[in-house]
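You will see two complexes here that share chain A, one where it goes with chain B and one where it goes with chain C.
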Partner chain A sequence: MHKVKVYITLKEGVLDPQGKAVQNSLHALEYDNVADVRVGKYMEVLLNDEGNLDAQVDEMCDRLLANPVIEDYSYMIEEVS
Partner chain B sequence: MHKVKVYITLKEGVLDPQGKAVQNSLHALEYDNVADVRVGKYMEVLLNDEGNLDAQVDEMCDRLLANPVIEDYSYMIEEVS
Partner chain C sequence: MKFAVLVFPGSNCDRDMYFAVKDSLGEEAELVWYQDDVDLTDYDALLLPGGFSYGDYLRSGAIASTSGILRQIIKAADEGKPVLGVCNGFQVLLEAGLLPGAMLPNRDLKFMCHFEELVVENNQSMFTRQYAPNERISLPIAHGDGNYFCDEATYERLQANQQIAFTYAANPNGSVGDIAGILNEQGNVLGMMPHPERAVEQLLGNEDGLRLFQSIVTYWRDHYAINA
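Showing the complex of A and B:
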């Protein structure tokens, strides 16, 4: 069994209003050294070993987990017992 | 200047209906080897160097970015130019 950690971020240049809201809140809390915030998603997918996991995860990201038009994704696969 | 990558996950035992929905969708797409999905958040915070960044990030997570009652967080600080 493997655990896949998937990181999904907005592509550079795509506006991130949620990130801006977080940044404004951090400024309101007087963290004045915050220069930028971008918000993305993080998923942990537990997979039973079956076929080519790399290819499966790529396909899952393209078809469901990420929106390839505006988002980039990366992932790490690690073995779990 | 440093970039902080913050990973926020639900604590073990906290129900994750969003993760279950993603899992069901993956099953509907015939990825039958998906055993579990947990959805979290991922943020990239760009910080100007000023004081103890580690302490600042811990405080930001506790006060705003994560909900310490139901979420865990971890982060990585890396230098950027």
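Showing the complex of A and C:
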């Protein structure tokens, strides 16, 4: 069995109003060196070992987990017992 | 003419849509639960209502776009049947790939619920033929994720093909090109954030939304119902 750690981030150039709100709050807490914040998503998917896992995860991300119009994704696959 | 109003878990404008068609428009309407064993070829037009299907999990409309009934909706759209998605219905059509682009949270992160002035950019479509060119109309909006986004190439294609049906006169949410509603390339699928079904009689504020439904009916009568 493998655990897939999927990171979804907004594409560069796509405005992130939520990230901007978080950035403003960090400034309110006087973290003046915060230059930018982008809010994304993190998911863990457990997969039984069947077939090509990389190809499957790519397909899952393209079809559902990320929206390719506005989001990029990356992932790491780890073996779990 | 027979309309199907598709109902997903979390839809909440389904009954508004149903009564707009049945009472204000005076045509047949049926509520269709997404899991029902139905044949959508029995209906002349498909309406995807607003709401929060599946609690907007993952992204607005994303989970509903994977449900089995979407395969029938895609088939109907391919065959040229009128398909209208309002608000969450628009988001479902985007996630299903029936319309280009995606929705982002409103620029100011606020859920907005008020009347907005719209410009009818394309009055030649089966959904907008009862409006005058560039007519200003007023429809209610009610959304948190209505900030339409697409890349520049897609926006240019939308413009070139007259796929922009409605724009906001004063952009409330940050949408690319002030877009409030878009058509697919064939012109038989319309997605829009404003709610025409909430403006179908004077008691509700105005009747500007009713003409959208009347457009579908007149188009359908012209093309399919020779004896009507």
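Quick notes on this one:
Rule of thumb we're sticking to: the second predicted complex is superposed on the first by the 81 of 81 C-alpha atoms of A that agree within 3 Å, B and C clash if a C-alpha of one lies under 4 Å from a C-alpha of the other, contacts with A are read in each partner's own complex, and residues count from 1 in each chain.
Criterion: a contact is a pair of C-beta atoms (placed from the backbone, for glycine too) under 8 Å apart; a residue touches a chain by one contact, two chains touch by 3 or more.
Quick caveat, the model's predicted, so the values are computed rather than measured.
Measured by the number of chain A residues touched, the leading partner among chain B and chain C is B.
When the shared chain is aligned, chain B comes close enough to touch A:38, but chain C does not.
In the overlay built on the shared chain, the residue A:24 is in contact with neither chain B nor chain C.
In the superposition on chain A, A:67 makes contact with chain C only, not with chain B.
The residues of chain A shared by its contacts with chain B and with chain C are 64-65. Listed in rising order, the residues of chain A touching chain C in the complex are 14-15, 17-18, 21, 64-65, 67, 69-70. By the touch criterion stated above, chain B contacts chain A in their complex at residues 1, 7-9, 19, 22, 25-26, 29, 31-51, 56, 60, 63-65.
Put simply, chain C touches chain A in their complex at residues 58-59, 62, 66, 95, 100-102, 104-109, 149-151, 174.
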